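We just call them A, B and C in the order they show up, numbering each chain from 1.
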Amino acid sequence: MKSTEMKAVIEGLLYVSGEDGLLLEQIESVIGVNGSDARALVEEMKQDWENDAKGLMIIDIAGGYQLTTKPFLADYFEKFVEAPRRSSLSQAALETLAIIAYKQPISRADIEDIRGVKSEKAIQTLVSRELVKEAGRAEGTGRAILYGVTTMFLTYFGLKSLEELPPLVPEEEDQSDEASDLFYENFRQTVEGL
Amino acid sequence: MKSTEMKAVIEGLLYVSGEDGLLLEQIESVIGVNGSDARALVEEMKQDWENDAKGLMIIDIAGGYQLTTKPFLADYFEKFVEAPRRSSLSQAALETLAIIAYKQPISRADIEDIRGVKSEKAIQTLVSRELVKEAGRAEGTGRAILYGVTTMFLTYFGLKSLEELPPLVPEEEDQSDEASDLFYENFRQTVEGL
Amino acid sequence: MEYKVKIDAFEGPLDLLLHLIKQLEIDLYDIPVAEITEQYLDFIHKMQVLELDVASEYLVMAATLIEMKSKMLLPKQEPLEEDLFDQNMALEEDPRDELMRRLIDYRQYKQAAQELKELEQEQIRLYTKSPSDLSCYERTEQALPAEGEVTVSDMISALQRLLKKKKINKPMNTKIERQSLPIGKRMIEIVDVLKAKRDLVSFDTLFPYPDRSHVVVTFLALLELMKKKQITCNQETNFTDISICLTKGAEPIEIDGNESSY
């Protein structure tokens, strides 16, 4: 098979796979090339598609590739799909997810210990959005459920693997948090105005 | 907007619409061109895509267009469905199976109504794998076959009985965290009520 | 006076504490317990004045802070000679250590959450389609995956994805509805499709949208085209698919695109 034809096949496979993404192994087994050749083809395609008349691009996700629209199209799509494609996660859900991603497998009690607040609802949200799954049971009495992140987690954040997660930075000063500053200021004013 | 950019937007729209297809009016309203210009752009795209490295093509459907894979890819899809994949039953099979399990006895027409696509093949596959069986006939003309799940289905999913299937909970709108919401909601109401 | 507070709530007592620490420019590694306790209690107290439901976690933290403050106030015991080893241990047991550790720990996850949020915001601008149904390529004799490889939750999530997809497609349909497609325009479209195919077109393909008004308009347009002898419908026997083609040798007619808006 010529490499142009291989590209055509990969394009077709990417299309039918859609948001599920296409694993490198799938490309290998369908067109009968080895992993590094398959990878090279996709990299070439990525470059071919870097022109203005292309609305699609290939991104790396967990163990493979996904066909998505280019970022600049988002503005047009907001007109097209009137509801946002997916609601973004709440702060509570994001914090919980960060803890699970870095500390998995981890029990609910341990998550709550770190956050200092009940996190049942947040975990439930994450499970129902398939970002988090049960990843075993703790030893000992109670056999608490342990949670871990899913492949969907990687896809959702556009990560190739867990190693791509930004490293935790314990020492750095807290980033200025305008939202809560504003809250606090308003709160103070309100209270003082009573 | 330049015509290259318009093409990129159309390509993105076609991709996101997938098998549902894209109406000419939708192109018109998203990029703000009139019908004949939109049509001309798509015709140009069709020609651009007539090269060997393209696995996709644009076809006419009633009132619009649909992105689809080129016919020669069919052979590869046969290999693809057998290639290793993440979930070991296809999305189509799982969807159909879930609908039958929760809604049985159900006719093919009703399944297709829920899924929005033809489901004959998916049902046939499930029947041949003995997860689904004929479970009677509908009243009235046509006497459509009704489908239900088998004992094999229960064994396969490790269920004692159908009652053990978890109840379907409609995915709630944004399930943001309860604890902080309560805290904040009260605060907001109070402040706004001042 | 109306205040529009546009923020997210504090995510809990640790979040609030971190905020106070920053606000007061306090060194996290050397927290002045008396000061922070006072500020914290002040905040909680004001929330209660506003009759807010203070979540129990905040009250637990208040208690912890008060306890810590009282411990710090206790006079330090002079260590005895033989307790030198123990003294070292005692030195490490600063009552603030536990809280400091928790705050540092929490802060790093809060930052990680922030980074995830940024990734999410980038990713959310990329759109994909749901996977195509390839079941027509499956061989029916293909073996079933081993038991346990597929779970009930796989099945349920497949269903959830389907429902989600339907929800996403909904607004597109309502959008079309509002535009009330004129029958004339639909007639032109149908003729175009038939011309492009140069062949029989099955009835179903002319109804790609499960949208009521679109279906009705398409049906009326077809009837109109039949009446005007532009198209011919064929059906081999009862209940088989109806196919449609342009009537051979029909005199082309002028169709008014705005004709009888539905």
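In this text, a contact is a pair of C-beta atoms (placed from the backbone, for glycine too) under 8 Å apart; a residue touches a chain by one contact, two chains touch by 3 or more.
These are the chains along with the protein names UniProt gives them: A, B = Segregation and condensation protein B; C = Segregation and condensation protein A.
What you see is a predicted model, and the numbers here were worked out from it, not measured in a lab.
Relative to chain B, the chain whose mean Cα position lies farthest away is A. Comparing per-chain C-alpha centres with the mean over every protein C-alpha atom, the closest match is chain C. Averaging C-alpha coordinates per chain places the centre of chain A 12 Å away from that of chain C. Computed centre separation for the pair chain A/chain B is 21 angstrom, with centres defined by C-alpha atoms.
Computed centre separation for the pair chain B/chain C is 17 angstrom, with centres defined by C-alpha atoms. Residues of chain B in contact with two or more other chains: 12, 15-16, 18, 26, 29, 77, 80, 91, 171, 177, 179-180, 187, 191, 194. Shared interface positions of chain C, i.e. residues touching 2 or more other chains, are given as 1, 3, 5, 8-12, 50, 55, 57, 127-132, 134, 160, 172, 175. Contacts from chain B toward chain C in the complex involve residues 12, 15-21, 23-26, 29, 60-64, 66, 74, 77-78, 80-82, 87-95, 97-99, 101-102, 114-117, 119, 121-122, 124-125, 128-129, 131, 142, 155-159, 165-166, 168, 170-171, 177, 179-184, 186-188, 190-192, 194. By the touch criterion given at the top, residues 2, 4-5, 7-13, 15-16, 18, 26, 29-31, 48, 51-56, 67, 69-70, 73, 76-77, 79-80, 83-86, 91, 169, 171-180, 187, 191, 194 of chain B touch chain A in their complex.
Against chain A, in their complex, chain C makes its touches with residues 1, 3, 5-15, 18-19, 22-23, 43, 46, 49-50, 55, 57, 61, 102, 104-117, 119-132, 134, 157, 160, 167-168, 170-172, 174-175.
By the touch criterion stated above, chain C contacts chain B in their complex at residues 1-5, 8-12, 47, 50-55, 57-58, 127-142, 144-145, 147-152, 154-156, 158-164, 166, 169, 172, 175-176, 179, 181, 186, 189-190, 192-193, 196-197, 205-210, 214, 218, 239.
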